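What follows is a group of structures, each given as structure tokens.
Next come two complexes built around chain A: one with chain B, the other with chain C.
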Partner chain A sequence: MKLKKDIAISDSGFLFNPSSGDSYTANPIATEILKYMQSGFSNEQIIVSIMESYDVERSTIEKDLFDLESMLSNYKLTR
Partner chain B sequence: MKPCYTIAVTGINAIDSPGPGVPVIRSLKEASSFDVRIIGLSYEALEPGIYMRNLVDKVYQVPYPSAGTDMMFERFRYIQSIEKIDFLFPNFDAELFNFIKLEQKLRDELGVRMVVPSLQQFESRNKVNLFEYGKNHGVKVPAATLVHSAREVSAKLVDMNFPIVVKGKFYDAKIAYTNEQSIQHFDKISAQWGLPVLLQEFIPGTELNVCGVGDGAGKLVGAVPMRKLYITDKGKAWAGVTISDKKLIELTRKLVKETQWNGPFELEVMKTVDDKYYLIEINPRFPAWCYLTTGAGQNQVESVVNIGMGNDVTYFRKYETGKLFIRYAYDMIVNMNEFEQISINGEL
Partner chain C sequence: MKKKEKKIYERPLIRPLNASISNKFGRRTEWLPLTHIDGIPVVDLINEFGSPLFVYSEKKIRDNFMMAKRAFETRYPKIQFAWSYKTCYLNAVCNVYHQMGSWAEVVSGFEYEKALQNGVPGDKIIFNGPDKSKHDLLLAMKNNTLIHIDHFDELYLLTELASSSKSKPRVAIRINMDTGVYPQWDRFGFNYENGQAWEAVNKILMNDALDLVGIHTHIGTFMMTPSAYAVATAKMTELAIQIKKKFNHIITYIDMGGGFASKNTLKGSYYAGADAVPDIGEYAEAITSALLNAGFDRNNLPFLYLETGRALVDDTGFLLGTVLANKRLADGRRATILDFGVNTLFTSFWYDHKISPAQEMGHYAEETILYGPLCMNIDVVRDAISLPPLKPGQHVVAQYVGAYNITQSMQFITFRPAVVMIDREGRSHLIRKRESLDYVQKNEILPSHLKKLNW
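For the complex of A and B:
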């Protein structure tokens, strides 16, 4: 899943969608995933990167990633 | 060396449903191409702008638009015998008709310039003519019908689906979900703003606004789209943010080109979930949030003065997105003698 190009994400996890004017806050893990998405990582690359950094099971990341993607899609932040 | 212009501004009623005068003055004060001396023009003694001595150098009361153009011109003749007003910003819809009528006379006889739409431009974008206007210029406008009596409301509702929007000819709009509610809104709005009242199709979506300026020759001088983030119970924006919307800018550019719009304007647009844009209203003046355009990098107010004064004009091509305005209320302490002066002498 790809984020819209013009979405701005700050290091603190603040998102701004300049085409709608909506803003959101993301927790630290979501912020990290969003940054990976912005860098063009595939879902597999995101999962591997998170597993390298944290002591977490693959199934948990997969579920969280799926939830985050649904939310992003719902908020029309993806293309 | 920069010129110093004396500029008169109406709409200095910075109340909960504010006029655009104070934000226009703030933009004028930030102009880089000229300095200003500000003359505030008020209708009532309690308009807050009268007492904002850091923004307004001198204030004169002027007659209400209903007094007619002759009274207004005579008042200007008096004011001009004291001041040397170079440029005038009318900021109310209700006064614009008179000022458009007086434009040439004010310029030729008193040397006061304005940048206002022509009478034809002003009338054709009127809410009551907007549906036709949209058809003529290839822009989607919600279907609407005019009513002059409560009985007529019921008759017209037969062909409409609820909800509908009931609108006054100058201000005010309310959503109605039933026949009875529509008649209630009609009674209230017609009592306050007169007849006719407009019944308009309700378009669900996100309301977006554009503040812009046309140069009168079909070119867009500047345009900044904004989405309201916080709305008061009067439906006025208390906070908003500049957004990036190329389609909306193109729509604005097209309208300005088609209509050869002269001067400032505000577009009120509904964007539907399937990305269709419906023009809801065109206000023929700067909106109260126009200082946001200055904050976002387009001092459109300055451009309007430069158009009027025949100077070089900046045509803006970009602005900063993600700039917010957040309005606030502020209590000023005013001495009774100031209130007395404006009340008794009509100037301060």
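For the complex of A and C:
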């Protein structure tokens, strides 16, 4: 899944969508994932990166990444 | 080379920032965890006794009772509490109140027998309610119990039983009245304003078969207005004084029932319960001021009986549970499924219960619906609560659940949980076992022609 190109993400987890004017807040791990997405990481690369840094099982991050992507799509932040 | 330590994982969350006016019904996020109850880790209780699990704090029960006792006894010299069995009739809970001097207030033959079995003397039991069988009344008469008459049919039956047994049972009449609060409770007892109460008093005192020792009212439940008790007490005292004038008969006690609110938050309430409900002292002030100002002879003040239940026990009970699963609903809302539902936490039909994580969590929260485990659409524990992202297997604690859940929880779809009491020394005691299949099926009888299955 790819984020819209013009989405601005701050280090503190603040998101701004200039095309709609809407803003969002993300927790630290969601911010990290969003930045991976902006860098063009595939889902598999994101999962591996998160598992390297966090104490989490693959099945958990897989479910949670799918859920996050559904919310990004719901908020129309993806292309 | 030292292995890099991994960070603690928390579910990724994103939520829109709302720039419009703030929600006036908005409440703080419930991210503050409740990890221990009376010094015992929640996780240890669940590991030992299973999940879900009800937990009562004996210390909190005693502290609350002493606070209420002090609130009334510092304002009025003759006070007697009676523990409302229907609020929670677990024997262990009842006996904490009885050890502290509380009598028993029961509303059925079942509760009456329970109080007797708990060791409460018959003359320290108040028998209320519209359902007293002939057998119940005879037993109550034999034990010199205070019988509170609810309706004329009961009055006539009791008069007949008393006349044929040559005994004179001690009775009170229950009175309902307008206290300025809507809705007016008028289904129990005799009405004050339309003369029914006087009609009952006249019948009792003219007949001489019954000993009218008290008058009783219970103006409502979860009453948020102490002034309603002042109105009710003024009407009760007026009746007692007029009975003395008319019949030269002294009413020895006025029973003001219960109905004081607990710290729970009623559904639709503007403020959280803890910020909105009156202190027990405000109820005490309203009632005792009206009693002291009524004009009773100082040497002949009536006793004030109180049947407070919910306000004493609600915040002494906790329900521990476990997250079963998370899911996303079609409209994007988060849903978390717990292992307890409306079958166990019956009061979630009335309250927005305070539900806290039982372990340390981050401060990022998400609006969540809390569902129970039942395969029923009505099984919603909280329809909106802001909670940190909980993972399956993590625990939560529902607070202020001590009143009406043990007595009203249903054996529905699954077993009812075990109940534990933590004593004042911090030791946990199993006071009710978790139900089992044998327990649930004990009273079932399968006809012989249905025993054989032909697959």
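The rule is simple: the second predicted complex is superposed on the first by the 79 of 79 C-alpha atoms of A that agree within 3 Å, B and C clash if a C-alpha of one lies under 4 Å from a C-alpha of the other, contacts with A are read in each partner's own complex, and residues count from 1 in each chain.
By our rule, a contact is a pair of C-beta atoms (placed from the backbone, for glycine too) under 8 Å apart; a residue touches a chain by one contact, two chains touch by 3 or more.
Model, not experiment: these values are computed from the prediction.
After alignment on the shared chain A, the placement of chain B and chain C results in a side-by-side fit free of clashes.
Looking at the superposition, the partner that touches the larger set of chain A residues, chain B or chain C, turns out to be C. Shared-chain residue A:56: touches chain C; no touch with chain B. Of the two partner chains, chain C is the only one that A:65 touches; chain B does not reach it. In the superposition on chain A, A:39 contacts neither chain B nor chain C.
In the superposed model, chain B and chain C sit 90 degrees apart as seen from the Cα centre of chain A, a figure rounded to the nearest 10. In the overlay built on the shared chain, the residue A:26 is in contact with chain C alone; chain B does not reach it. Once the two complexes are laid over each other on the shared chain, residue contacts for A:74 go to chain C alone; chain B is not touched. In the superposed model, A:18 lies in contact with chain B only, and not with chain C. Within the superposed three-chain model, A:10 lies out of touch with both chain B and chain C [touch as defined at top]. Note on the superposed arrangement: chain B and chain C approach each other to a least C-alpha distance of 5 Å. For chain B in complex with chain A, the touching residues are 206, 226-227, 229, 240-245, 321-322.
Note for the complex: chain C touches chain A at residues 6-17, 19, 326, 328, 332, 362, 364, 389, 391. Taken together, the chain A residues at the contact with chain B in this complex read 6, 8, 16, 18-21.
By the touch criterion stated above, chain A contacts chain C in their complex at residues 15, 22-30, 33-34, 50, 53-56, 60-61, 64-65, 67-68, 70-72, 74-75.
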